[in-house]
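Only one structure is covered here, and it is reproduced in the block below.
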Amino acid sequence: MSLSTCRIKIINGNTCQPMTANINASAQSIKFPSTEIVTVQPESGPESIESFYDEYLAIPGILEQIILDNDSDAFILACWGDPGIEAAREITTKPVIGIAEASLYVANMVAAKWSVVTTLHRVRDMVEKTIVKTGLTDRCASVRTTKLSVLDTEQDRANTLDVLLEASQLAIQTDGAEAICLGCAGMSGLEQQLADRLGVPVIDAVAAAVKMAESLVSLGTHTSKQLTYRAPERKNIKGYPAHYQAENFLH
Amino acid sequence: MSLSTCRIKIINGNTCQPMTANINASAQSIKFPSTEIVTVQPESGPESIESFYDEYLAIPGILEQIILDNDSDAFILACWGDPGIEAAREITTKPVIGIAEASLYVANMVAAKWSVVTTLHRVRDMVEKTIVKTGLTDRCASVRTTKLSVLDTEQDRANTLDVLLEASQLAIQTDGAEAICLGCAGMSGLEQQLADRLGVPVIDAVAAAVKMAESLVSLGTHTSKQLTYRAPERKNIKGYPAHYQAENFLH
Amino acid sequence: MSLSTCRIKIINGNTCQPMTANINASAQSIKFPSTEIVTVQPESGPESIESFYDEYLAIPGILEQIILDNDSDAFILACWGDPGIEAAREITTKPVIGIAEASLYVANMVAAKWSVVTTLHRVRDMVEKTIVKTGLTDRCASVRTTKLSVLDTEQDRANTLDVLLEASQLAIQTDGAEAICLGCAGMSGLEQQLADRLGVPVIDAVAAAVKMAESLVSLGTHTSKQLTYRAPERKNIKGYPAHYQAENFLH
Amino acid sequence: MSLSTCRIKIINGNTCQPMTANINASAQSIKFPSTEIVTVQPESGPESIESFYDEYLAIPGILEQIILDNDSDAFILACWGDPGIEAAREITTKPVIGIAEASLYVANMVAAKWSVVTTLHRVRDMVEKTIVKTGLTDRCASVRTTKLSVLDTEQDRANTLDVLLEASQLAIQTDGAEAICLGCAGMSGLEQQLADRLGVPVIDAVAAAVKMAESLVSLGTHTSKQLTYRAPERKNIKGYPAHYQAENFLH
Amino acid sequence: MSLSTCRIKIINGNTCQPMTANINASAQSIKFPSTEIVTVQPESGPESIESFYDEYLAIPGILEQIILDNDSDAFILACWGDPGIEAAREITTKPVIGIAEASLYVANMVAAKWSVVTTLHRVRDMVEKTIVKTGLTDRCASVRTTKLSVLDTEQDRANTLDVLLEASQLAIQTDGAEAICLGCAGMSGLEQQLADRLGVPVIDAVAAAVKMAESLVSLGTHTSKQLTYRAPERKNIKGYPAHYQAENFLH
Amino acid sequence: MSLSTCRIKIINGNTCQPMTANINASAQSIKFPSTEIVTVQPESGPESIESFYDEYLAIPGILEQIILDNDSDAFILACWGDPGIEAAREITTKPVIGIAEASLYVANMVAAKWSVVTTLHRVRDMVEKTIVKTGLTDRCASVRTTKLSVLDTEQDRANTLDVLLEASQLAIQTDGAEAICLGCAGMSGLEQQLADRLGVPVIDAVAAAVKMAESLVSLGTHTSKQLTYRAPERKNIKGYPAHYQAENFLH
């Protein structure tokens, strides 16, 4: 097979440009040479996702990035929560990968038990629901939340490293974690420093998702349209641009 | 205590006016005399919710109905899927009740096992996820989906009754259901006819939610702001009216 | 519908009169105006339920309070353990509500995770089994037991408050609880003081059950007689008064 | 060690003398030579246990058979539902074995998956709860209920055999059972005929429990008094003979 | 029935002769008088099992002890992990009992919750998988690992006792254990001293398995050959002696 | 990063040369251009794995292929059961991927529910245990076994296609599967024909594993040596060549 067809669009779930740039840098550095990656952010939504409210306001804009795309071979939802992923799978036949699930699959292949280390304490329930949605609760040692806001992870890398180090050590020593999943796209790029200090695998979710997307494109596997993920029914949708109507979908 | 303070706002998740009227009629007929009920629908969103895509596009409009409200003592999300309920609980201290969870609590009090009978086959996964979210999977005998679209349930009541009857009988005889939860707000009003023919309790989710809302208001219990449901962080939100910003919330 | 028909019988599971009086006071203060409440205790059984042994000796007397009743529209089992609730549902078509399950439903509507705070350490297994029976284990943060006997909760309210406060704080800070369910009918009346100090919702199980009973009567929903809760088979029962024989049931 | 000390009391949960005799016959035929077995039935309770109501009325009389016993080395609760077993373990330090749990342990040692085949359809929920209580749900292929009442199993052995054969075949062919647990003490004695015709192990619960009782006595293992099963607190118990008060327990 | 036919072969999973002798001593001291016990060890495999690697290398030799046996009425796999037990059940119709499962059944009959206390920290995952395989996760309070290697448990009994005592106390006080299962055959013989100091039942897995084997032989129950445990298909097997080929099996 | 370092060794779990050739053909056709793949089979073990017995006899030979390898960047265990995978992870720091888990991750990314369609009915329990081990039971719609032996899948491709088609259709129509995982390495190469006829994604486990191996090598993620997968303790191992001793491991 030829790699020349692999074009991946990464959608940062947050409308924060520096985070989009950071995600893009991580992705570009790990991709296979023949893969093309474009990283975007939604036109609408909160600058960071730290609550269910933020997440639900972000989703229509995230979906729009898929609706209006006609070129990509796969999509990555770059927010650890995989926001709107079931809907994303309904509106395209191309593979859609969430960075959360991708990081859990990788962790599952290198560790008997793993923990997710992430941002504000309030997101604990969101993170747990994401793990349940993926189906991998049995292998999860713990979820460790911190005092870091999403934007903190971008703006103060030294402090972020310290906080993640402390939370990860607790996960390893107290909870029995044997690998660490970084639970926020904004933490991308810190995995190597953390792994060096912790002595266990540290999974960057963005990098994991790039590999999963390349894999699915290479396999030629599309999203099942059998039942759950079939295209939405055509119907009137108020208050959204016309391209949100299913009958206007390009694909 | 006095009932005079109980004002409930019911938010139809769909932007379909006849369904709003039907929901309102059911609610008005079951409320306690001193309860006031107002039933509304979002300004934006699909006319019916039958996919994850529909659901996610509906949520911002649903939440707006809470954000802009300063009078209600409780809110009911009238779409069996309780769309956006975690976010709704973040943006108000008033109780927020989903019709799905309300119907499951009522079923749980009158039957050892119950089934949910609902619309299109494609919503099975959504319905199962809603039951998981509520926490009550152990008592669920089955989910029975049908060929009915959401709008069908409003427009052809005779056919709807026939289809629900057939699916319910399968749930009772094959799956061991001892009560039936109607899994769509549009089915409200058919519960008595179905119960008479089936010989088991049939739960109208809208009516169940009205009772739960009256109960919570009477108890004076508010949503916990301890962690998961605390108010969203203040931050910039692109592409939404200013009232969506947390710093502009009225309450 | 008219509220004039709502007559609820609350059955204290313990044969301790002061507790019956306390339960009654809580119930009378929270009921809707048109509801009539009668609170009784069994003729036989232990003065307090603190072991499986106590519970099983209490149940025949609890059931007798339903067998001999011909007037009530709903029954409440007022012991956090819902003793004999499946049997109670077999011997009447009227709704039977346990205070344990009622408190869990209310907690589930206002908090992502909740804990049960209760009496003696030895009841941990009983409390966990009650939560399993209700089906809501996934949302339970923890069960916190204490040194309080059931009668302590009635006799020394200041100490009870202190002990509950300490256990609740541990549940919130260590276990992630966002609301507290009081796991004993004897604690009824302390919920507001606790909520004020803890800053999270505290659910009085008796009050929650009154609301659930009013709800079910208002909905007109009866217990399913489809399979599990159908009336007991007629048969000879040794060593019990004749009214325990199914053929003598009034209803 | 000497076997001469092993005296087992089997308590038929039902007050039906022919069933007591049948249970005794099965037990006597399988016991080790040096074991002494006495089979009794309660002074009070229903002639057969086929509902939660029956079960709860039977338990005080079952417990009395332990309270008044000062000679036995172990007790067997001979009703598939292990009625009151937690309470029985509270009131004696001697091992208490339920026939349900005993049959499941034996099945678990000879088959990857097993089914329970039992009496009336209405007991399904009771049987499932018993399996949950034992902790072995993962290995259960199915519960198959029938039209047989408990007394039928004693009175019409030919019909009982036919009905059990049919239900067992369904369990094997449809549900994937590889062994059958007979879910009623009244079925004791039919296991060999069924096994011969079915070609899979058929577990008589009474025989299994005799072996477990002999095992525990031989091991010298007593019931843990650490927490859950410690002796009941001393307290006033109304309406029961004085020997039910914990301060009058002989042991 | 006659006990004269009960001949049990115990297979130490480790190729460490002193451990075989210790296991044999424990078994001989607990068996019924008419039971004959032979304790062996494999011809090949590691001297102790402390990793998945060790376990998998041990299994072919363990199975050979069954293949070449034509006299025994039951087999016991004497390594807490029940190594290769599914395969052992495929190659004989005689009952095969693992010491792990046997100890869990005994614990389940005397305690509401129990813990497994065992060797090196690294075996935690193996122990948890064994409990999952048996199906009894719900009743497990915790797994407590230590610094003890398998051979340590044989060679330094005083230290072993101290370490087990400390781990058991943590299990009881912190995790809620009400009985302790010794999670290594090498710990056999220490149960009484531990029980005396801890005040809770301590289960020696070897003794428990002897009782289960005697029970199954007395019941005449064989391994189900219905599906999972039917004899292996005949086929070419490279690199093993001819007696490993299914067509050469004696039974 | 450079792809030039990616050398993957695939270990067919069966000692059947034509299957090794078939696996190799599938793998070579799907790999990225710069990946080198070598496919081998063990020196010892059964020609096909269709029972626990077969599996346990195969594992030492599978592990030897890793022990003696000093060149590969990743290992794939090419038998749907991932035989010995925990041990394989102990003896190397290089990533080890099982074809079963790899196929489940891919299925999880393209379908809400999936089924595994596989060989002989007797392997049902093995397949279910593999899914449990991976942690993904919640997303599994069903396991469908057939009359196909492992060698059949190689030798009669037309019949294999028919049988798989029928089983897959049942999985889709009856069990709710939305994608199919082929549960045997011998089925590799049939995925496209099946997908074309079924209209849902069909996952070839060998291809999925190649992609996962390439991903892990590209990410530079090694197996965690924190606890469960650390190198085996050094000890005497009887009856195996010296290279099986941990002190002789090359890496």
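To keep things simple, chains are lettered A, B, C, D, E and F as they appear, and every chain counts its residues starting from 1.
As a convention for this text, a residue touches a chain if its C-beta (ideal position, glycine included) is under 8 Å from a C-beta of that chain, and two chains touch if they have at least 3 such contacts.
In this text the structure is predicted, and so the values were computed from the model without any measurement.
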item: Given chain E and chain F, the chains that contact each of them; value: A, D
item: Farthest-lying chain, centroid of Cα atoms versus that of chain F; value: C
item: Same vs different contact residues, chain C with chain D, by half of numbers used; value: same
item: Centroid spacing, where centroids are CA-atom means, of chain B and chain E in whole angstrom; value: 53
item: Distance between chain centroids, defined by C-alpha means - chain C, chain E (Å); value: 45
item: Centre-of-Cα separation between chain F and chain A, whole angstrom; value: 27
item: Residues of chain B whose C-beta touches two or more other chains; value: 86, 112-113, 124-125, 132, 176, 227-228
item: Chains grouped in pairs wherever the two touch, ordered by label; value: A-B, A-C, A-E, A-F, B-C, B-D, B-F, C-D, C-E, D-E, D-F, E-F
item: Complex interface listing, chain B residues touching chain D; value: 112-113, 176
item: Touching residues (chain side chain D, partner chain C) in the complex; value: 15, 42-48, 50-57, 59-61, 63, 84, 86-87, 90-91, 120-122, 124-126, 129, 132-133, 149, 227-228, 230, 232-233, 235-240, 244, 246
item: In the complex, chain C residues that touch chain B; value: 1, 3, 29-30, 32-33, 86, 89, 95-97, 101, 105-106, 108-113, 132, 134-139, 172, 176-179, 199-201, 203, 207-208, 211-212, 214-216, 218-219, 221-229
item: Partner chain F, residues of chain B touching it in the complex; value: 124-125
